Amino acid sequence: MLRIENLHAGYGPSRVLFGMDLCVEAGSVVSLIGRNGMGKTTTVMTIMGLIRPTQGRVYIGGADMTGRAPHRIAQAGMGLVPEGRRVFPSLSVRENLLATASAKRSHKWTLDKVYDLFPRLRERERQSARTLSGGEQQMLALGRALMTNPAMLILDEASEGLAPVIRTAIWDCLVRLKAEGETILVIDKNLKEMARVVDRHLVIEKGRLVWTGSPAQLAAAPEISHRYLGV
Amino acid sequence: MIAAPSTDSTPILALRHLDKRFGALHATRDVSLDVREGEIHALIGPNGAGKSTLIGQISGELQPDAGSVWLGGRDITGLRAWERPALGMARAFQISQLYLEFDAATNVALALITRDGGARRWRGAFNLWRPLLRDARLMQQAMRYLDMAGLTRPTVAVAELSHGERRQLEIAIALAQDARLLLLDEPMAGMSADESARMTELLDGLRRHCSILLIEHDMDAVFALADRITVLVQGAVLLTGTVGEVRGHPAVRSAYLGDEDAQN
Amino acid sequence: MSRRTLLNLILVALFASLPVLASVLDAPHLVGLATRFAIYGIAAASLDLVMGYGAMHSFGHAAFFGLGGYVVGVLAFHASMGLPLLGWTGTQAALLAWPLALACCGLLGLIVGYLSLRTSGVQFIMITLAFGQMVYYLLTSLPLYGGDDGMPLDQPNALPGVDLADPVQRYYLCAGLLLACLALWHRVVNSRFGYVLQGLRQSERRSVSLGVSALRYRLTAFTLSATGTGLAGILWANHALFISPDMASWHKSGELMAMVILGGVGTLVGPVLGAMAYLGLEELLGRWTEHWMLFFGPLLLVVVLFGRRGIHGLLTGPAPRRKVVAPHDAPRGAALKEVAP
Amino acid sequence: MLLVEQLLNGLQYSALLFLLASGLTLIFGIMGVVNLAHGSFYMVGAFAAAWATMNTGSLAFGALAAIVAAAAYGLVIERTIIRRLYRRSHLDQVLATLAIVFFTNELVTVLFGRSPILLPTPAWLATPVEILPGLPYPLGRLLFIAIGAAVAVFMWLLINHTRLGMLIRAGADDHDMVDALGVRIGRLYTGVFVLGCALCGLAGLMTAPLLAVETGMGERVLISTFVVIVVGGVGSVRGALAGALAVGMVDSLGRAYIPALMDLLLPPSAAVSVAGALVSASIYIFMAIVLLVRPRGLLPMRA
Amino acid sequence: AEPVRIGFVTTLSTPAGYLGEDSRDGFALAVKEGDGRLGGVPVQLLVEDDALQPARAKQITDRMLIDGVKVFTGGLFSNVVAAVAPSVAKDALYVSGNSGPSIFAGARCMPNYFATATQNNTSHEVAGRVANELGYKRMVILAANYQGGRDALEGFKSSFAGEVTEIYTKLNQLDYSVELARIRSLSPDAVYQFHTGGSGINFVRQYGSAGLTQQIPMVLTAYGMDERMLDAVGPLAIGSRVISMWSSALDVPASRTFVERFQAEYGRAPTLYAAQAYDTAHIIGSALAATGGRVDDLPALRQAMREPSFESVRGNFAFGNNQHPVQDWHLIEIIDDGQGKPVPRLLRVAAAGAGDAFAQDCKL
């Protein structure tokens, strides 16, 4: 589904990614983990075309999408839940969900489905996103991505600031999506909860992929988690 | 009116019958709670329960519709937001509020010079002549707080820091204000596992110096740190109690924890 | 030596040697032009103090420029006509008139600032414009001082040690004051106060939670800036020997703003370059063709589109620490996007 | 009877202000581009209308020309300049659009000369209709009010009740995210900008029978247009409408009554000039008061 | 010999630009006719745009002064002239070709300052008298509320016998419906109004399209209805009465030839501003001729200026003691030329040999 090879990218003068590789098979759930500031978000931004790579390639569904405009990449099936929420403050909850909703593809997700997943949002339907609580914004960001009915979801710290119940709900939801054949790339700090969902962990260190393996393997290799995750 | 809270063991922070509405929404319902000297008081509750709103009213960003806020036995309900830090309260935001164009050290330095609101006029922040950066002592001090919070890159513009690093800076600034009361809104959020662990130690160590009102969804941290926990649901206090009491409480499990702590 | 310092040195040298240059090139009017550079430089740098460092985009600064000019002009007028003004027969003495004028500008700045600072962003731009226009129309309604037509002054103020009637001496005075102004503003923006001010621009919420009273800092800066602009107005009246309401018109405010942006917001030296470029081009093109606007416009465009931070940015190259729009912080829509110093 | 007519006049001036403001609401209020060149598109529209009408003798052609020309010029400007400014600071936008003003004015001068030009208007526009017994009112002006109202409704629907409207506002909040969610925001913005310019063209056309068609006609209206929007509340069509009404009325009534008032209060010598200053400053004083009481305008976008 | 340089700082940009354009061309035409000479003396025109900003105008003239230019003209608006004239008139000649602000006409008149068009108030005083003669008893008089406008209405009132209602409009006002409604309700015998350039066009158009032209005759001066404005207003202007000291309809040989040549040279009808500048050029020319082009000898030059000998397009022309014109004023009617195009028709002389009231206060 998604493959990036030897990706180099950064912000203006400061380089961040030094030959990042990563591959997500269709229908699988993969996590990207690492310490703060190692380049997880940058990787995501580069995949989405929001940052131009200086080297390397990005393939989506086999097609070379390197340096394409973000909307092309999104139209190719990528659904992003960005770090730090980034909902549209001046739109109401409802508008946030509808504005970028996409009727393309199977059209699994509808307003009602999202509202069922997060009843909170239904209650706040007319409220402007600016005044939502942190967690509510996070739910909105997730719902917004789902409404584009992506072939592949990218979640950058999507469970941040969510109450345990909601977090559990989201993980359950991911499990369901996985069952429905959705491809997912998830960035999260919560290994324990991820273990339920992900097939493979990818560990990133200083802009490079340094280790990959199943949750079980990671659990079996404490030195890895100690070295790269500090736990 | 409401009588001043009893002064035998004056709580550092006392909320009395706070009430706040946003139009139809009742975001804070008759909330009363005490934060005692040197305690870490956790405030948990579902998303949208009204935790940040409560912090907002304590820090003066929001005016309560009714009720009063007491800091160290003084009624500060009427004070404006910028007057309160001078009385010894500091705050870390849930969604980072930082000076993006300055580097981390400068961010902290500003917190240092504005201690007690820069009230010491010409020796403090309101000084049009004294250069900020060429002040070695100030900068060293700033560095101390930075590595307390575990931030390793003091001279990089905040705009170029990663999300997690920003969260760390957020804490460093709050610490630098060296307040009697810390209001921390989800300090762990966005920090990687190891950073959260470090943060837990750090806060644990702070106990002696100040009191903390801690909002956090990371239950491991909460249960590890909190002396007492207040559970907020739909703007109202569900209960206040020790870790044990809260953990066991069925309502809390259903409304908030889910089967989360069953796992660990 | 960094390109910044080099640039500054060149500028100082240029200003210092200009009259000599003028006589060498046998182009005496250059001195007049340079005097205008200096005067507008002062105004622009002062405006930059609020625009670049406080994100207070004042669209009414011409009001202070005009007021400064009018105070000295009116005092001189009464002195020469010998008709008393509130029982006082005015004065030609700079040492008396100038401080008074500066005080007036400061006071006006204090009032306008106090009221305007209730708003921010676009609304701030417009409310300052409103006050500017009020001052403008006030000046037009003073028939005694020529109403809309303004009035000529028959001689410049008397300043001990300097003969303001002599172009070269006048020039050196203005250039000197410009340097002094720049030095002062530089000191201020790098002071503790300056950093708190810049902090307010970047995150007011954070500042408040540090116990900073936004109004106190912003108002102080605004008042300083107003006074600086007033000084420029005073010098202008003495240079042009003529005061008229359009010193305070919104066109003038716009011009000042344009100079600041053209030169580079938040660089203090930049706005001076901006003033030089703006006036210089106007003069050059104006003499070359009457359709000078046809070329002036595109030139401005080039600077905006290709210079990240105006002319100053072009000359000094990328500033040591450039602002990168982080993926984390979404740009605000209606609120003014801030410009890094 | 006079009062009725005066109110109608105030209303019509408001309509004029709103027509001018409508395009700016889109570009400035919602897309968040401080577009000082707004008046220039208005001028282009007016000149195009006049020129076409003169050469074809048909007002219909003129109308077409006005809207097309303004839109086309808008398209060129957006493609070449404005699109580079969306992410820039408002200040960069100010200077860039100011430059466009300079350029456009001079361009028009070179093309059409400096003299104001005539837009021949059919007599029927001037034919008075009896709106009330004994109160004749020129058809043209009624038409004017009608079109103003129509545009208002159209804009309101567009912005508040279409997905397009949502996307425009979202784009102003966070350009990149809209893009990353699969919407080609760039092209969308081009479209909106052009639409805004077309509205300017319409305004130019509508005002041409009443106002001189001359270079610099844009700046004359520019400031009052910004005043309208800010008074009404940036970013909301209802705001722009309210602003137009308020400013229109204040201005009209000010002109009608301030002089008389001054005559009562002041010695005749001072009265006239003071009244003059007050009348001219009235809308600014009004704006200042509004902003002091309601810093975000009368009907801001969202509380 | 080194040509005499003439500083011609006028308004070329801004909406008022067309006035400057016409006066520049009018002046240039005169120079052209004498192929590069005025009064037989070779001259060089230094044209620059003051953008209607007094300060800008002053900068440019100051620069030219330093460069040794001795003869200046071109300034159109009183605020520009007021800014420039005093410093120029110290040690050079300033000839104001269009406006004559009152400050320099009376007590503060200056030896090296001449106004060749008219003193600002005169046209309005004449208009007042004409209104009397036309038998108007009740009039509404309007002007934009700025110095010039206020002077205008003062001037008119000073000579008009009937009763007036004054209405002041805003400078650069867009919409006049309020004032028009007021006029209709007052239904006076006639209306006198003074709005120049765009505002003037707006006013007359809206006056016409409100259907008032037929009901209430309008009197104005040529400054409120020059040929360009006439073109821009179109048929709506037909019927209004214009006071002017020159018009293309004037039956003066010099004028007729001027109109033809201008038409031929620039392919458009000259405005009053062109005519004034044309005369100004010839006045300067006669002075140059008399002094043999020695402009450094100011007193001589000035003397020569005081008694100009030239063919004025206005018929008879002379300077009063305050060096402002004494000349005839004409009443002109705007009529339909048959194809619905408005054209001026000469009615009669409105005032013969009219000077201005300030002259007596001037000690020259």
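As written, the chain order gives the labels A, B, C, D and E, with residue 1 at the start of each chain.
Just so it is clear, a contact is a pair of C-beta atoms (placed from the backbone, for glycine too) under 8 Å apart; a residue touches a chain by one contact, two chains touch by 3 or more.
Note that the structure is predicted; figures quoted are calculated from it, not measured.
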Chains touching both chain B and chain E, listed by label: C
Any chain in contact with chain B as well as chain D: A, C
Relative to chain B, chain with the most remote C-alpha centre: E
Comparison of C-E and B-C (more C-beta pairs in contact): B-C
Label of the chain whose CA centroid is most distant from the centroid of chain A: E
Whole-Å gap between the CA centroids of chain D and chain E: 34
Rounded Å distance, chain A centre to chain E centre (Cα mean): 75
Distance from the mean Cα position of chain B to that of chain A, given in whole angstrom: 29
Numbers and ranges of chain D residues touching at least 2 other chains: 105-106, 109, 169, 172-174, 176-177, 235, 273, 276, 280, 301
Touching two or more other chains - residue numbers and ranges from chain B: 160, 163
Residue numbers of chain A (touch at least two other chains): 11, 14, 41, 50, 82-84, 86, 89-90
Residues of chain B defined as touching chain C within the complex: 59, 61, 81-86, 90-91, 93, 96-103, 106, 109-111, 113-118, 124-133, 157, 159-160, 163, 166, 173, 177
Chain C residues within the chain B interface of the complex: 187-188, 190-196, 198-199, 202-203, 205-214, 216-217, 220, 321, 323-326, 328-329, 340-341
Touch list for chain D against partner chain C, complex: 32, 34, 81, 84, 87-92, 94-96, 98-107, 109-110, 169, 172-177, 223, 226-227, 230, 234-235, 269, 273-274, 276-278, 280-281, 284-285, 287-288, 291-292, 295-297, 301
Residues of chain D defined as touching chain E within the complex: 2, 5-6, 9-10, 12-13, 16, 105-106, 109, 113-118, 120-121, 125-126, 128, 136, 138, 140-141, 207, 209-217, 220-221, 224, 252, 255-256, 259, 272-273, 275-276, 279-280
Chain D-touching residues of chain A, taken from the complex the two chains share: 48-50, 69-71, 73-75, 79-80, 82, 86, 88-91, 95-96, 98-100, 102, 128, 130, 144-145, 148
